[in-house]
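Below: one structure, written as structure tokens.
Lettered A, B and C in written order, each chain numbered from 1.
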Amino acid sequence: MKSIAFGQFYPANSPLHKLDPRIKVILTVLYIVCSFLCKNLLSFALLALSAILLILCGRVPIRIVLRGLRPVLIILAFTALLNIFWTKGEQLLFAWKFIEIYAEGLYAAVFMMVRIATLIIGTGMLLTYTTTPIALTDALEDLLSPLKKLKVPVHEFAMMMTIALRFIPLLSEETEKIMTAQKARGADFSSGGLIQRAKALIPILIPLFVSAFNRAGDLATAMECRCYHGGEGRTRMHVRHVRLVDFIPLLLVLLLGASLIFLNVLGIGFSMK
Amino acid sequence: MAEIKLENLSYFHGKDTPYEIKALDTINLTIPSGMITGLIGHTGSGKSTLVQMLNGILRPHEGRVLLDGQDIWEKQKNIRSVRFRVGLVMQYPEYQLFEETVYKDIAFGPKNMGLGEEEIRVRVEESVRFAGLSPELLQKSPFDLSGGEKRRAAIAGIIAMRPDVLVLDEPAAGLDPRGREAIFSNLVKYHEESGNTVVIVSHSMEDMARYCDNLIVMNEGKIVMQGDRDYVFSRSNQLTEVGLDIPQVTKLMLILKEQGIDVDGGIYTVDQALERILSIYRKSL
Amino acid sequence: MSNPFIKIEGLSYRYDEDSSGMGKHPVLNDLSMEIEEGSFVAVLGHNGSGKSTLAKLLNMILTPTSGKIFVDGKEITDEAMTDEDVLSLRKNMGMVFQNPDNQLVATIVEDDVAFGPENLGIPSDEIRARVNSVLSDVGMLEYATHEPHRLSGGQKQRIAIAGVLAMLPKCIVFDESTAMLDPIGRKEVMDAILRLNREKGITVIMITHYMEEAALADRILVLHDGNVLLDGTPSEVFEQEPLLKSCGLNVPQCTSLIHQLRDAGMSLDGDCVSIEQCAELILQTLNKER
């Protein structure tokens, strides 16, 4: 549970780590758009290349990046299979009884996998691995701050996110502790039918809720004691000024998008419809 | 009477990950039956991991856990029955309370054992008495109890399974002196009446010195010392070396000894110290 | 003598009655006392004696049923207290609680320490300077960029102290801040508390169960049934061993030993709070007789 790819910051001193988090959030959005612009072999190759460049820029070990992909392996495999067997095209490669595999299907499968993998690597490299959760929530608060004029509680949302990030490892540890305690009383979580298993969760969920509420109460008091009174008049220790160099990656991503569109128009290699 | 024996037991946290840590290192240990055994060691010494081995919550990576000569992991299906025979009270066990009433909560363990209503009632009443909890509280919600009462209700929940061995991880942590006293004196009473083996994990050397017959000292996943109180406390230097605090009176005796008074370091209770100093004093008169 | 830093007059507090039938009983009952600036006061009492309630009244997390509290010459129970007044009170009266996990807000140590000053609207450069200085005060500077949930209990509690210190308080209330720690963690935190008091002159009010910790204070207040039962130096308070025991408290082992030796006829005159003092007393008597 502790190794879920959530706020898995990887400390390093890389250009991506130093980049302004607000820029990184914008970059991420643009990068996602880019990945959906890809339509043919060359553009997907370019996209894959950009993902590799991102890993190099972030100086995160490839082992850790690949581990981040592990949870989606099943989805990757499933979409690949779906594409291979269900895409009908013109170039029939293989046929046996009702199974027909077309070249288009193979291409589509590869494209889909590259798209999902780059999406995860891209957002991971731009956000989770290279940005501390606090910097991330601060950045979101900044970027969304125009909404404050519309009375959207942007600061409160950012605060909630920070607290959630702080308490996720705690609560997962606690779940384990409570499970152990109930197992010691002979609770059985692994046998029986669906209803029985759901029932077996009650001795875990109730203590977990009680403890979460207690913690929330304690934390609220502690925050009040530390003079918390909402976002008004609050300052920040980390002030970020966007530097001119921070715009370079923005230009690069825009360039990437432009090249992708260009490659699509060029239409070299296999194209998706 | 059940005897627990550990043979060449090793356990790793985060096994097969880059963060692998050896939490228990080839432990060989017999927990004497029918006694109160204290397990001491500072945080991270492996004592909490060790107690989770005793009732099969954790499975050893190497070595065996023998309960009355039987490897508890021989038949994995039977592991639940081991948990009923070796009752484990976790640290801050009040987190385990979840039922509507204290009665139902204490009955959770016995119910999992598949016992009948009447048998459960007998056991709940018995365990409430052992835990020193007033029977009037049985129909209350466990969440309305005071901190000390919650702790005792949680302990009763384990005692109600009538385990041959009762293991408690820091049973008095965070309680005030009165609460601590109540927990320990009830445990001693339980031990005397039932004759069962009791294993207590604690940081408090003063409590350990007072209540345990036999002591096991752990450091860095290994057993560094085992023996009766006199044996362990006469080696106070070794205790301080592994980062443990020794009782105040033991410290006092060591200072007196340095100054040439004829006392030894093996004194660990106020009564012993009182007797020793008075006898020296009377002789000198 | 100057005005006391905290002055309490006829303070009473009772919880609103609830379904469980508790709360009809007043938690604090007509309590009056004063605390000098820069002093180190330990507050003892068994669970339910009103210690924690008192702590929460001191910085207006709770409001009293009746009575007055003055902090730094200002009446905080005054109806006319503005929001700014409350903030400035809380800035000056820091609080450190029992469970270190439930008082840290941020996922990185230095961000957590910055939380208080950020709320107070302190300029960024100064927050940075304060964070570094208070982290080194509690010996945690090298952990500035660590995640709190990977630290030990004692370390987390020192981060919590740093977080309060960063607001530059005049007084810090420790509400059983060592209760959940192991002996090593307890010592780390006690050392930090003593340093704050001795070197920075911060007034410390420490609620605790541990007599060995209370023995380090300048003054001990024993609360019982919502009122002050004993008030004096550790030596004076520990003299009352039978009274302490009757309300569920204890004295340190060595002190108890000296009392029993006295009862048995040995003449041991002098303070017997620390182990060293007790050893000294015994040595004097035994050597005299030789």
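Definition applied: a residue touches a chain if its C-beta (ideal position, glycine included) is under 8 Å from a C-beta of that chain, and two chains touch if they have at least 3 such contacts.
What you see is a predicted model; the values in this text were computed from it and never measured.
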item: Chain contact topology (line, ring, star, complete or other); value: complete
item: Which of A-C and A-B has more C-beta contact pairs; value: A-C
item: Chain centre separation in whole Å, for chain C relative to chain B (CA means); value: 30
item: Chain A and chain C: spacing of chain centres that average the CA atoms, whole Å; value: 44
item: Chain C residues counted as touching two or more neighbouring chains; value: none
item: Chain C - residues contacting chain A, complex; value: 56, 59, 61, 83, 87, 90-91, 94-95, 97, 99, 101-108, 110-111, 114-124, 127-128, 131, 145, 148-149, 163-164, 167
item: Chain A partner contacts - residues on chain B that touch it in the complex; value: 52, 55, 57, 80, 83-84, 87-90, 93, 95-98, 108-109, 112-113, 143, 157-158, 161
item: Residues of chain B defined as touching chain C within the complex; value: 42-43, 140, 144, 146-148, 173-179, 203, 206, 243-245, 247-249, 251-252, 255-256, 259, 261, 270, 273-274, 277-278, 280-281, 284-285
item: Residues of chain A defined as touching chain C within the complex; value: 7, 11, 132-134, 162-163, 165-166, 169-170, 173, 214-215, 218-219, 221-229, 233-239
item: Chain B partner contacts - residues on chain C that touch it in the complex; value: 20, 46-48, 98, 152-153, 179-180, 182-185, 209, 211-212, 248-250, 252-254, 256-257, 260-261, 264, 266, 275-276, 278-279, 282-283, 285-286, 289-290
